[in-house]
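Shared chain: subunit A. Partners: subunit B in the first complex, subunit C in the second.
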Partner chain A sequence: MRRFWAWVLLLSTPVLALSGDEVLKRVEARPTPKTLHGKMAMELINKQGKRLTRELEIWTKREGDVEKMLIKFLAPPDVRGTAFLVIQKGDREEMKLYLPALKKVRRVAGGQRRGSFMGSDFSYDDISRLGNLRSADYQSKLLREEGTFYVVEATPKPGVASAYERLVIWVEKPHFDVVKIEFYRKGALYKVMTLDEIQTYAGKYRIPTRLVMENKKTRHKTVLLQRELELDQPIPDSVFTERFMKR
Partner chain B sequence: MKKYLALALLFGLALAQEGPALSGSLTYEFGLRYTDLAIAKNEARFSLRLETGLEDAALVAEFQASPERVGLGEAYAEVYLGAFDLAAGRILENTGRTDLFSPLDAFNPKDLARPIAAPEDQKRPLEALRLAYYPEGARAEIRLLYAPRFVPSTPPTGPWARPLPLPPGVVKVETHAPAATLENGVFGIRAGTSLEVLDGLDLGATLLYTYTPFPGLKALLSATDPSQPCPDPNAGPCIAVLGYDRLLLAGGDFALAFSVPGVEGGFVARAEAAYGRTQDPAGTDPFVQDGYLEGVLELEHTFPEGPTVLALYRARQSPIPGWTHHLALSARYEADEALTLEGAWVQNLTDGSGAILPRVRYRLADGLEALFQASVFYGGPASEFGLWRDNGELGAELRYAF
Partner chain C sequence: METLSRFATRRPWPVILLFVALTLVLGSGLGRLTFDNSPESLVPPELPAYRLFDEVRETFGAADVAIAALEGEVWSPEGLASLRAATEAVAEVEGVLGVTSLANAQRMEEVDGDLVIEDLLPERIAPSEIPQIRAYVDGHPLYAHRLVSPDGRYAAVILELDTSQDMRRLNQALYQAFKAHWQGPVYLSGTPALSGYILETIQRDLPIQMTLAALILGLILYLNFRSTRGVLLPLLTVAVALLWSLGLGGWLGFKLGMISSILPVVVLAVGSSFTLHVLNRFYHELAAGKGRAEAILLAVRETGLGVLVSALAAGAGLAALYSSSIPQIKFFGLLAAFGVLVAFLAASFLTPAVLSLLKNPRRLPDPERPDRVSRAMQKLAPVVAGNRHRALGLAAVFLLVMLLLATRVQVETSFLAYFPKDAPPRVATELVDRVFGGSDTLTVVVEGNLKDPALLQAIYRFEQEAKALPEVGSAISIADVIREIHRALTGSYGFPSSEEGVAQELLLYQLSGDPEALTRFITEDASAALITVQVRSLPTGQMKSLTEDLKELAKRTIAPFADAVEFTGTTVLMLEVMRLILHDQYVSLALALVLVAFFNALLLRSIRVGAVSVLPLGLTIAGQFGLMGMLGIPLDTATALIAAIAIGVGDYSVHVIVRYLEELKNGEDPGGAVRTSLYVSGRAVFFTALAIGGGFMALLFSGFAPIQTFAKLMGFTVGATALFALTVLPAALLVWVRRYRKEAGNHA
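Now for the complex of A and B:
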């Protein structure tokens, strides 16, 4: 009976006019894993079609208002062993970089968060927000409904540090999957991200396994493939430490 | 011997449990001195690295070959024993925090034959043991280091060599390294912790009981009867005996990340302060190298989607020549996934000399990188960098990593 009412609620929701805020809240209300471990392959494609590849291993963990992310680079060989650690606790954000050639863990400035992630079209900030849109950071309004999509405009709230002036987000109605985000900057379209090959993990987590970010200014594109994903598997806190970065 | 048996055992275990990862690189470097168009560098280097990462152990072995050096590079086995990590072999260790100048990072010897080489290429591995302790639940570590035998650094050679201030009567120079005895080992301890202050604070303290990296004058002997002191160093003939002095190096360091309201992008301040004590801290004995004080303070700022810029100030005090001050600026900008622009400017504020080192990296394909660099030195002929003003180079390097 309870399931019946859940279905009624789910099916009736799109019919009701949702605000932009409500759409993003529904996106965020979907179950998200507390931990994620997996590998990513990135293909960087420039406007001439030349391709470079990157491979990395990623661990993320969420506990209350603490978010932790560790990325270890596996390829190409000249960056193999480099590790990047982010610990976010409320408004505080710590970032450290391990450089194996120097045997040095360097505390790095927060500004790098908006810099290019390994030369790709994703920023470190884009990567860390892949699993969590953090809608509370935005003022949202529903622009329109396009077939089976909600189109929502999200503008960073005053005081929220963001590399973008506004985002336009396409949300697919049945599952509230984000399938496309346009990033605007200096009044113009800057980047477009499409999220596809959405797979359901553990019967509840809907995760896009192929993401394409295109920089409209440079006509440069990055294809990111997520694979060998392990969700909600226990990840000890010792993973998010300098000790583990060096291993 | 036991150490090597343990290494061999671990190596065997590693191979048995998990296939080793092989990587390496082939590098060709060419340098042209633009003052006289002499070929300053024409060298190919090859390295092969084997790594096995296991749940509770790791093994690294690197083979290096170049015209100057053939043999083992970094090569060690490490076991993870609960809160302890124990490593043995040829180890590269970092005990400092700052860049360009790092007075506390003095455990490993450095190869400064070409002082303009990248810092990661200058540091040489050292046969040593390392025990690191990570207290449960604390963001802290304590590292104990022990190298049974001191290995001196390689001073600048050829056109980069700095003349030793020896009396005019010296006709021969002999350099003696410390004997390979247990009491001549190198010891170190480093402790560090991270605190939630501003955007994050790291604190460190280091104590090294080592030797001066370069030799100093230990005795002037008569060239005709080396059992006797040289009667007149100005007239000679004398033998200058050079040697290394015990050095107790103690210091602290920090890195602090912080934001400035209204300024986009964050800042990181890093600093090191070191006191190097020899048996002659006051500088009164001409046959013992002097003690010194050294401090480095640097500030790094990353412009959003722009370059990372670093400004550094260094001060060093020793009885001779007294205080010296340096200022350095460096910048690094990754224009895209292929092109990286780097540059450094170092100024000796005491003698007015300096160096400018621009560099361009271009990734041609995965693992294949080209590097173009230049070096310009200026200042008086006897100044720190002016001494090298005829050594300015244009260089190119092609590196294939696999």
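Now for the complex of A and C:
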């Protein structure tokens, strides 16, 4: 009998109204890959519509509380080979930089978390929020349901460092995919991120493959396209080393 | 014309109602009239330098930079925290495109082998950290002496601004944002402060000037007529003219700036003369025992031609300003011409209509009765007649001398000299000039392959040589940014040896800041870059030669490595404006003189008369420029208008001609005709000159030096035109116009 009720509860969850917090928890509960390797095209579009494209190759790996990320520039040709290595252990972060013209790896110090991700309109925080929207950091409220979307307002809890005052998040019902986030700062809409292509990998991972971030103040826009993605394929630790950066 | 005036006399109410209705319709546009003295209101949009300015603004975000200096203990935790709060606050002000101060500056340097890239100021600033931060800033070419004064007493906040904003609002908003967070004095220099101040002054001065002009006119009208009616009627007609022209300006979306703010006074002064002539004659006829209706008709008939000719001439002179390429002058010309023509219409129709409704005054002083003025005029006639050749000879000598002196006129404006010494923007500009080495910016646009180390080296060399000039405070560009990155990466100043190296260092800079941080210096594709040269606020002459020197320097240093090097910025635009004013001056002057001669010839039906009629004007204008050359009064945005306005106000001499021709037609010999003409019209000319000149004196109370100079020059102009109209003109008539065809007198 108890199992029966458990089944009823589980099956009926999607139809019962969820709280904002529950929606974010469901988003957070989606599986995330342990490793990811792929290519990324980054298109920077200024307010006059001029485009600048960069291509990167990315390797990421998660083991316990250690996250490693290596980014190598493939294009434009004059920056090909420029590499960044970020190793995050809990709150500690180590970043290294390799510029082929100097043929030297340099350790980079300084708070970069709130800074721009590779010179785009995305910040490091925005990027990491995609994979890991820590619901515990936010005070959330379900604003409304729009067709197949939950619209949730998330406000950072006191003491949580955030570049934004408030987020409004659109979550698509069947998969709990985040499809759009509005970022508010000083009472005004600051940035809008839309994830307009989301693909399923390995039958379980929902990965956005086209992301657009528009800064409403500067009218500058970044489009990220992810392709040739390999998930959960073993990546040796030797990738996240100075030697590999120089290669 | 006369038929219409007769209609106005017979059926005054429809005419009055029509004027009231039109006044309500057009006058309601008054509320739409706005003020604007932005560079845009002075710069023709099709100007090549403006197109470049606009392109730069589009590509790099902002082409206009203003510097605010905050006074206080900068190098203290409280000072830096306040600076950060103030910087964040002004960044949110609408119209602010970018803000740079110590508060949002980046630190990029090598510390113990690590490349440190972080905000210059930590989240919480401990007193013990300050010496280290200060040492870094003092050694940083982009920050030292630019963002903070060497003694740490002043912090600079560099603002990139959208110049199409309402500068008064922007100025106030900036000031409030600063004051909310910074306890010490705040000095705002640059366009918003200057333009904001100009607009505030205009709005404060305008009602004062109008009231003053009306009072002076009223006084002179009273001296002339000695009756309330004689004061109020001309003032009524100019009030109508003023409402129509300002209202029309409102409906057409025109904006009043420093130059166009003289519009009301011009319309008041010029427009009042028409009714003065009509009324003069009306009272004269009444005093001669005519009935009211007949007196009105006679007044309109007798003065109609003179008033029409002078109205058309005034209108033409002012409308000629429409040929100017400066938008503000253009609109001023159009509205002033319209206002003058409305004043004429009001004098011709509204005045008769109102007169026909009013009871005859109890006392009937004849304004044309022989008084001291007319007796003096009478005495003048034989003197002129007897010395006519000598008078013309003297006029020729005067013309030559003045033209010679006119060649010494300088086209030069010190924008700062417009403002009183204690005006906040002037104080701020002088302070920023002194403390930060310059409040004005010249923008150099370099096109080419900015990843080429040779081009960067060339730009750096240009900056070093530019900074050696005493007028230049600083010069910064992407070259300085790369040198800093290079030093942080390699430990020594310099440039990478290859294009790839430059590209990678640029990438590093981009990766460490927001995506727009670099676009203030260079386009994302590295095909164009800006060099911002901070210079002291200089008079245009010196600014011009400095710009020439810098252009020469750029040609020598940068040009061999670049595709193109061009100069722009508000300062460069203002130099262009000065050049255009000078150029336009000749065009509008020639056009105005030709138009006046044409109208006079057409209406008086004689080319010879038309030519003689512009003689007083020609002499006056030569006199103006000669005077300016002699006294060192520069030709600037305001004084450039005087010639055209002189034509507008100065054509009352036509009344002398009209009367002279009338007398010839009536069979009088030339000598007698001059005597009668001076006796009858001379007094009117004298009082008109007094009224117009007096009206312009209201501008002496303007808050701007150029407008005050303009007022003084107008005083000279009005006096000189009157003098020439009463002396040289009759002499010329006696010599060149001794006969007048009888049928020609059946005018208008």
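Here is the rule we use: the second predicted complex is superposed on the first by the 227 of 247 C-alpha atoms of A that agree within 3 Å, B and C clash if a C-alpha of one lies under 4 Å from a C-alpha of the other, contacts with A are read in each partner's own complex, and residues count from 1 in each chain.
One rule holds for everything that comes next: contacts are C-beta pairs under 8 Å (C-beta built on N, C-alpha and C of every residue); 3 or more make two chains touch, one makes a residue touch a chain.
Because the structure is predicted, anything quoted here is derived from the model rather than measured.
Student: Aligned on subunit A, subunit B and subunit C: do they clash or fit?
Tutor: On the shared subunit A, the partners clash.
Student: Just checking: does A:Ala163 make contact with subunit B only, subunit C only, both, or neither of them? Give me first, second, both or neither.
Tutor: So A:Ala163 only meets subunit B here.
Student: A:Phe73 contacts which: subunit B (first), subunit C (second), both, neither?
Tutor: second
Student: With both complexes overlaid on chain A, does A:Leu52 touch subunit B (first), subunit C (second), both or neither?
Tutor: Both partners, subunit B and subunit C.
Student: According to the stated criteria, A:Thr35 is in contact with first (subunit B), second (subunit C), both, or neither; which is it?
Tutor: After superposition on chain A, A:Thr35 lies in contact with neither partner.
Student: For A:His220, decide between first (touching subunit B), second (touching subunit C), both and neither.
Tutor: both
Student: Contacts for A:Gln139 in the overlay, against subunit B (first) and subunit C (second): which applies, first, second, both or neither?
Tutor: In the superposed model, A:Gln139 contacts neither subunit B nor subunit C.
Student: State whether A:Thr241 touches subunit B only (first), subunit C only (second), both chains, or neither.
Tutor: In the superposed model, A:Thr241 contacts subunit B only, not subunit C.
Student: Who does A:Lys103 touch here: subunit B (first), subunit C (second), both, or neither?
Tutor: first
Student: Between subunit B (first) and subunit C (second), which does A:Glu94 come into contact with in this model arrangement: first, second, both, or neither?
Tutor: Touch status of A:Glu94: first partner only.
Student: In the combined picture, which part of subunit C sits where subunit B already is, 489-497, 615-623, 633-641 or 669-677?
Tutor: 489-497
Student: Would you tell me the residues on subunit A in contact with subunit B in one complex that are also in contact with subunit C in the other?
Tutor: 44, 46, 52, 76, 78, 101-102, 106-112, 115-116, 118-120, 218, 220
Student: Please output the residues of subunit A touching subunit C within their complex, sorted ascending.
Tutor: Spelled out, the residues of subunit A in touch with subunit C are 44, 46, 48, 50, 52, 73, 76, 78-79, 82, 84, 97, 99-102, 106-112, 115-116, 118-121, 186, 218, 220, 222.
Student: Provide the residue numbers of subunit A that touch subunit B in the complex, in ascending order.
Tutor: 44, 46, 52-53, 75-78, 80, 89, 92-95, 101-104, 106-112, 114-116, 118-120, 161, 163, 218, 220, 241-243, 247
Student: Enumerate the contact residues on subunit B facing subunit A in the complex.
Tutor: That would be residues 23-25, 53, 58, 80, 85, 92-94, 119-120, 132, 134, 139, 141, 194, 196, 199-200, 202, 255-257, 259, 264-268, 270, 300-305, 308, 334, 336-338, 363, 365-367, 369, 399, 401-402 of subunit B.
Student: Okay, in this complex, where on subunit C does subunit A touch?
Tutor: 58-59, 92, 107, 111, 113-119, 451, 489-490, 496, 498-501, 503-505, 507-508, 510-516, 519, 523-525
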